[in-house]
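You will see subunit A twice below: alongside subunit B first, and alongside subunit C after that.
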Partner chain A sequence: MPRLLASALQLRRDPRMLKLPPYLSLLCILAGVAWLFLLPLDQYSRRTYISENALLPGQVHTYFGGSDQNVFRAYKHEANELVGKSNAEFNDKLEPIIKGIGLKTARQNFTYHAAGQTFSGENLYAILQAPRGDATEAIVLVAAWENVKGETNRNGIPLALTLLRYFKRWSLWSKDIILLITPDSIAGPQAWVDAYHDAHDPARVSSLPLKSGLLQGAIAIDYAQEGRFDSVHIVYDGVNGQLPNLDLINSIVNIAGGQMGIGVALQEMWHHDNGYPDRLRTMLRGMLKQGLGLASGPHSSFIPYHVDAVTLRPFGEGWQDEMALGRVVEGSFRSLNNLLEHLHQSFFFYLLMQRERFVSIGTYLPSAMAVAINFTIMAIALWVKSGQPAEVTTPKSKTETPAPATAERDLFLPLGVVTLIQSLAIIPLYLFNHVPESALTPLFLAFTLLNTLLPPTLAHLLATSNTTLQQYHLIQSFSLLLLGMFLSSLATLNFSLALITGLLAAPLSFVRPYRSTAAKVAVSVLLNAVSPTAVVLAAAAYWGTDVTTVLREAAVGWHVCGTYSPVVVYPRHAQ
Partner chain B sequence: MDGAKVTPGRTAGLYAGAAVLRLAIFTLFPGIPDLLTGRVEISTPVTSFKRLQEGLFLYNHNVSPYDGGVYHQAPLFLPLFSLLPSSASLPIFTYLLYIAVDLLSASALWRIADSGESGSSALFTSPRREKRWSGFVIAALFLLNPFTVATCIGRSTSVFTTCAILHAVAKAVSGAPFGAMVALSFASYLSMYPLLLLPPLVLLCYDRQRSGRATKSMLQFAGTCTATVAGVLSVLFQLSYLLTGSWEFLPSTYGVQLTLSDLAPNVGLWWYFFIEMFDSFRSFFLAVFWLHLSSYVAGLTVRIRRQPLVVLTLLLGIFNIFKPYPSISDTSLFLALVPLYRHVFPLMRYTFVSAAVVLYASCLGPAFYYLWIYAGSGNANFFYAITLVWGLGLSLLVCDLMFAVLRDEWEVERPEMAGKEIRQI
Partner chain C sequence: MGQLLSFLWLSLLSICVFSSSTSAADYHEQLNLRPLPQSALLASFNFRSNTSVSEFEKGNFRFFPRSLGQILQHAGTRELHLRFSLGRWDAESWGARPWDGAREGGTGVELWAWLEADTDKEADHKWLTLTNALSGLFCASLNFIDGTRTTRPVMSFQPEGDHSTTTNMHLLYGVLPHEVVCTENLTPFLKLLPCKGKAGIASLLDGHKLFDASWQSMAIDIRPICPLDGECVLQIEQTIDMVLDIDRSKRPRDNPIPRPPAGHDLPCDTSKPYHSHDTCFPADYTAHQDWSLTQIFGKTMKGTCPLADPAVPALCLQVPESRSVFVSEGVREKKNPDRVSRCFDIPPSTHLEMVLPTPDDSASISVTPEAPLLYAERSFTGHGQERGGVQTILRNPSPDTEVEFIYMESLPWFMRIYLHTMEARVAGQSHANKSLIQQVYYRPAVDRARGTQLEVRMRVPADSTVFLTYDFEKSILRYTEYPPDANRGFDVAAAVITILDPHQERQGSVSGRFAAYTLRTTSLLCSLPTPDFSMPYNVIIFTSTAIALAFGGIFNILVRRFVAADEGPEAGLAVVLGRLKGRLMGLVKGAVKR
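What follows is the complex of A and B.
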């Protein structure tokens, strides 16, 4: 054993050890990506299962239907007349209808300002007090007048009203049921949930006059399609990549698929043959959505408050009618009604690849961590390299007198440069969040230009001010260290964003001070191609214009803060 | 940077810059002070500004401040803060007080650095002492350290302890034993644990006595010092008694630290351990933990007798890891003293590793706390794991510094071994 240790120590001194890190770091990146592509295989993913036994999904008879069909038609007739009318008008019309069912109602006004636009409206909500409960817990049924695509929720609103009227007749509820009708799918639910938890800004969002207990779950109905449907699409992405508890999704899949015989789709995969390509596609779409971290439906606002929520959106041509969707909601509410405590058993971090297949955090996290570790490896390697004396010493003399073999490092300039560059990121963060919408595009172009010009300028400045090779190494080392650190922290909060950023920033690990002009130009072009502005241009459809609520914007913005700046730092080394 | 000439202008510039930075954060981002005050990394049950407000409210309404079971800080804070205008209506005065305390700490640190005690004490002169940073650099490193700034903005009352400890050391190196003992008594009165610094501080005072009126006998000197501390402490206790009208403050302040009755999470290692503990073992492990913490004092004081300032630095580092309610304020105090040993930095072996570990921990800590408390998708183990990593990083730094100092001493004894690799047998 001592001999083994001694030889290991000898190996540490071997100059070949320093050649290794770039390959090791490349290996990390490749392994991270390869790992990701293994996940859809049967051996690496798992079948879903219900962890919380109290849910008992699909174990009850659902009775919604029959005469409720007539009620639904009546409500639909009323709702159709309101299409195109103002927010206040349809609330005025709906409030007496809900009061007629025998429920307490209340309204809430909200106004948000973001990107120079104003989002305002009035939420209407009603509380069905549980016959067997004590108003300490509640389940929410959400129906928005407009879905995220801007279509009118023609069938969803009447269906929600019919369901509420039907629920009122039952005596088995042990949790209050709240019906929430919002004018839009993002700002309205956000305002309501904020106010429900007293986390709102009273100047912009009014407080709720009527409240119930702790929210245990929420289901949103987004049924804009006319006529019968074939399958249900479950939308589950929350703000900032947070997800609802997997048990909720499993229960609905179980009720819709198992009990009612309705197909279930995820991540806009309308046809899924459960083969490898479809699984992979579903997973990648889920990751992209998670990485963007935007709200994807009325349910998204609930998830940050630890209220598990999903949106149900019927699609396709089939023979299922509105009553079938109603029964799915009824079954899910009966399951949620059974809960003795908040959903906590199952996973909060997962990637779904088919309605009955998922990978949990323990399985997928290594890929993001491998990508993050590559930066740390390079940072350590560069640190060691920077500590080596400038003159070449023979390996033999090194083993004998290793202590003075470490050169003194001048830390102040590298630390200063890295801190400065990192803090520069606050400027775009602030500007993009505060300028009006019309100025966003010019501002963006200006930043693209600046982003392209800044690194060469900085590099030129450094080159003219006698920066030593050691200092270059140290600057790169610190930047990579910080990048690796931010990414591994981010991976615990939003895995997909960390992985995407990590992969985009991967070339930064391998940048060296180049001598030839051709290499310089090639590397600059490559780095600019993966720089945040270029990526945003490529994905312009997703980004930039749809900054809606200030809260979401800030949340997304803050994520950008951690990831934007390190990427800006790098191209400098191309010089 | 090393030999930069320090003019009065630069001194004023540094202090003004640090003050403006803090004032700018206070005034431009009014949400940040309250945000940081709520962070567990900054505010512990025994230093939190929020709890101070609670105690102050009770005190101003003629109720015993310890009645609510929330306030665990020294009674003398109450008249000090009730003299200031309320921090809710006119917060600027509170801000100015905290900024002034930070600047006072920095000036004490400056004096310690300029005394050169870290490089050449009465009994030992390091051959490497030429390579050192000026007081300006060391004060700047303290004032601009993000941990120090965050503590100041979070208005944790541990800044007063930090200031008292630094002044005690500064008085000691400038040959004023009485002043040092008074400052140490204040520090102990505020936070209790600085009392453990008494032995090395007495040695430091003894070594640095002014030649004119030096006391020859070590025992006599130590006796006088201890008596001074005891005297000042009893005066402070008496004052506290007069202020609050009962001795209730003793169990509520020092008792809480001794028995860890408030188990709010913090960056230390105690809270989780005592949450998990069965009640029957509690008193035993409390004794073990305290014994462990105080056992370092005797050992280090004897082993590094020739450099008492090193003992003080290492002890502050160890307390910062192992004391019952540590916060990043204690880290900032330890990190303030580390740059005094610039001359042994080349002997340290794990600077990069420990710096990276501490950085990682300070980045992952808030993330895991968020996962546990807000997102609800993590649990207490997440945060505890990261506090373990934090403790690991800091203990690496403490060990490394200790190694470097001992090696420096050893190379004086064995000049032929200078520069050779040592191997553990």
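What follows is the complex of A and C.
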């Protein structure tokens, strides 16, 4: 044993050891990516199941239909007359209808400023008090007048009204049911949820005059399509990549698919053959949405408050009518109504790859962790390297004990540079969130230029101020150490963001001070290609939007929804 | 002659004794029906009986239930109030509460009693006896009213009965907000009645209908009453108030599912331009105003209770005079001079049925309810599992009268309130108004031993809304202290608001006034940080551990220098010995030199 230890320690001083970390690092990255691509396989993903037994999805008969359809048609006539009218006008029209059902109504005004624009409107909401209950718990039915794409929710609003009228007849509700009608899909629900939890700024969002108990769940109806539909699309991404409890999605899948025979799609995968490519595509789309962390529907604002929520959007040409969607909502509400406790049993961290297949955090986390670890490995390697004397000392005779081969480390400059570079990020964060929309693109271009020029300038500055190789190593070591730390903690909160950032930042691990000009140019081109600005440009080009829209969305997200996750560390330093 | 006279005297005496005993021990019952807006119907059942205190002490019970009487005697209880409630009173639509709120409780079970005891400790002991005995009698978890759920209100409650000032009385108050009131509580309640549920108005009471009500409250009040001339009597009053949804009650019991009606049965608004055979804008909600006793209660009323005082009409109905009411044969209708109510004289053995057809004009459906003195609504503010706040919105609808009241909260110990954050603010003003809160009585909680008691005497100016807010911190419980279904949260009892009568002074009470109106807010659900050993919790713990381990390793590598044992300076016994040897050698050499 001592011999083994001794030989291990001998190995430690072997110069070949220091050559190993880059390969180890690369191996980590490759392993992380390979792991990700294994996930859609049957051996790695699991079938979904209902964890909370109280939900009992699909166990009740649903009775919505019959003459309720006559009422729906009448409400639809009313709603059609309101298309194109102002927010206040349709609230004035809808409020008496809701009061006629026998519910209490209230309104709420809100105004947000983002990217030089004003988002204002008036929410209308009604509370159906649980007939025998106390105001301790509530479930929310959301119908936005306009969905995220800007289409009018022509069928969703009448359907929500008809459902409420139908729910009023039942006496079995143990929770209050709140109907929330918002003018848009992002700002309105956000204002309402903030005010419900008293987390709002009273100057911009008014307080709610009428309240109920703890919110236990929310379902949004987004039914802009005319005519009959084929399947339901469940949108579940929340703000900052947070997700609703998997039990809620599973229940709806169970009710829609199992009980009503309506297909269910996720992540805009309209056709899903449950094969490997489709599963992978669904998963990657989900990861991209999660990584962006933007609100994807009226339900998104509820999730940060630990209110599990999804949006249901019918799509396709089929033979299912509005009443069928109504029955899905009825079944889901009956399930939520059964809950004695807040949804807590199932998963909050998962990747869905088909409506009945998922991987949980325990399975997918190694992927992002492996990518994050590569930075840490390189950081340690660089630290060790920086501690070695500049010239490799020739091994002396074995009888003599070698002097400890450690050089003094000059820490001031490296730490200073890393701190400065990291804190510089505050400037674009502030600027992009506070300039008007028209100035966004020029600012972005200016910033891109700056972002391209800054590293060479910095490199030149460092080079002229005769920085030693050791200091270069230390700068890189500290940057990578920080990156590895942040990414591994981020991976537990928002896996996708951590993985995407990790992969984009991967070249940083392998950058070395190069002597040849060709290598310098090649490396700087590569680094610029994966820089945040280039990625934004590429993404905007790929999805066919302009940069302004992307930036405006981000600014709106920052101001309205409190999206913080894109503000991730993205260190760049000179080579 | 003398014999005859003495006989006459005797008979006269016996008549006197008999008549006096009937006045001391009597029983009467009454049912009040009042249609409310939005197709609701308030049914108030009231049963009242007396027994003289001396008879009670001797153990002679006539109308007074023996089971309850013995418990009271055993626990030294002078006055007792017990409430079982469910649902909420919708003051916005239904107006002022029945009995001015004096016969209702918050959701769950509420109990308060005045016990005769010399010391607090003795009172606590008697209270324990009382709660445990009542728990058995009423099939409710009253035995769970322990020290943490018991408070001793100072200002909010006042005795209703007449008590001699010499006795040392203790008021104890306990509440169980999570208790679900159901049929098992109704059965013992009906057993206390002289006619049980067999005859009279109690024959209408049925668990299915009572617990399908939108709001219901069962109350038992026992108090000693001492008229100025005569003997003290012990009075027991049992009350059941319920608000029934007429639409819902009319559904047949064998088919209670609200299936959509056939298209042609749907009441439509035919004035809409798009109205057709398959498109129907539903007509106003205030349809279905016709009802009958059988539809509402599922059965007819079985005559009257033969023990009840026939002078008190058993059934009264509060509808406008113009509304026509049809009753069974033999029942006589008496319209009251106030023009909004009428009572019925019912022959003892009639099966009473009453039918109210839909009136021609909507004005005569129901009497407009009178507005309450105050509207109160309480909710939580904030989110997260560390801190929270409570906000009570108090609205005084009166245009010219200020309302003064006592707001009482009894909070569980794990809600630690910050008293300094308590403030009252008039709506529309940005800063707190100090003059609204007049007096605060606060007894802080002791962890695991007693709850917080907060009584605030405050006022709401005429025609204004006041926000009363305070913040609190949530404690972390020990894992064994969580109840089953811990993720549901913890129910927080309703706040009791006692409005003081500005005109009537009361001697000897802390507030100095009589209560004019009582109301309770809804209860709240407080979610505490709950240990959850399922996935997310595990994941976070696991990853944190992994990160901590990794950090520890990296930190070690960064700050330490590892060398092999043969490389470093020698350590151990040999070193010490060598050093010792060297020193010895030095000494020896020194000695040699010298």
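In this text, the second predicted complex is superposed on the first by the 528 of 575 C-alpha atoms of A that agree within 3 Å, B and C clash if a C-alpha of one lies under 4 Å from a C-alpha of the other, contacts with A are read in each partner's own complex, and residues count from 1 in each chain.
What we mean here is this: contacts are C-beta pairs under 8 Å (C-beta built on N, C-alpha and C of every residue); 3 or more make two chains touch, one makes a residue touch a chain.
As the structure is a prediction and not an experimental result, all values here were calculated from the model.
Asks: Could you say whether A:345 touches subunit B, subunit C, both of them, or neither, answering first, second, both or neither?
Replies: second
Asks: Considering only the touch criterion stated at the top, classify A:412 as touching first (subunit B), second (subunit C), both, or neither.
Replies: After superposition on chain A, A:412 lies in contact with subunit B alone.
Asks: Under the stated touch criterion, which partner chain does A:70 make contact with: subunit B (first), subunit C (second), both, or neither?
Replies: After superposing on A, A:70 lies in contact with subunit C but is clear of subunit B.
Asks: Which holds for A:383: it touches subunit B only (first), subunit C only (second), both, or neither?
Replies: A:383 sits against subunit B and subunit C alike.
Asks: Going by the contact rule set out at the top, does A:486 touch subunit B (first), subunit C (second), both, or neither?
Replies: The first partner, subunit B, only.
Asks: Looking at A:375 after the superposition, I want to know if it touches subunit B, subunit C, both of them or none. Which is it: first, second, both, neither?
Replies: neither
Asks: Does subunit B (first) or subunit C (second) touch A:125, or do both, or does neither?
Replies: A:125 contacts neither subunit B nor subunit C.
Asks: Counting residues of subunit A in contact, which comes out ahead: subunit B or subunit C?
Replies: C
Asks: Determine, under the contact definition given at the top, whether A:214 touches first (subunit B), second (subunit C), both, or neither.
Replies: second
Asks: Give me the intersection of subunit A's contacts with subunit B and its contacts with subunit C, in residue numbers.
Replies: 306, 344, 348-349, 376, 380, 383, 401-402, 404, 406, 488-489, 492
Asks: Enumerate the contact residues on subunit A facing subunit C in the complex.
Replies: Residues of subunit A touching subunit C: 2, 5-6, 9, 12, 51, 63-71, 73-75, 77-78, 100-102, 104, 129, 131-137, 165-166, 169-171, 197-199, 211-214, 305-306, 340-342, 344-349, 360-362, 365, 376, 380, 383, 401-402, 404, 406, 488-489, 491-492.
Asks: Applying the document's contact rule, which stretches of subunit B touch subunit A when the two form their complex?
Replies: Those in contact with subunit A are residues 1, 346, 352, 356, 359-360, 363-364, 367-368, 370-371, 375-378, 419-421.
Asks: For the complex, which residues does subunit C have touching subunit A?
Replies: Going through subunit C, the ones touching subunit A are 38, 86-88, 90, 92, 107, 211-214, 245, 247-248, 257-263, 265-266, 268, 272, 274-275, 278-282, 284-285, 377, 379-383, 389, 391, 485-489, 491, 522-525, 527, 530, 532, 534-536, 539-540, 543, 547, 550, 554, 557-558, 561-567.
Asks: Give every residue of subunit A touching subunit B within the complex, in rising order.
Replies: Against subunit B, subunit A makes touches at 242, 304, 306, 344, 348-349, 376, 379-380, 383, 401-404, 406, 408, 412, 481-482, 485-486, 488-490, 492-493.
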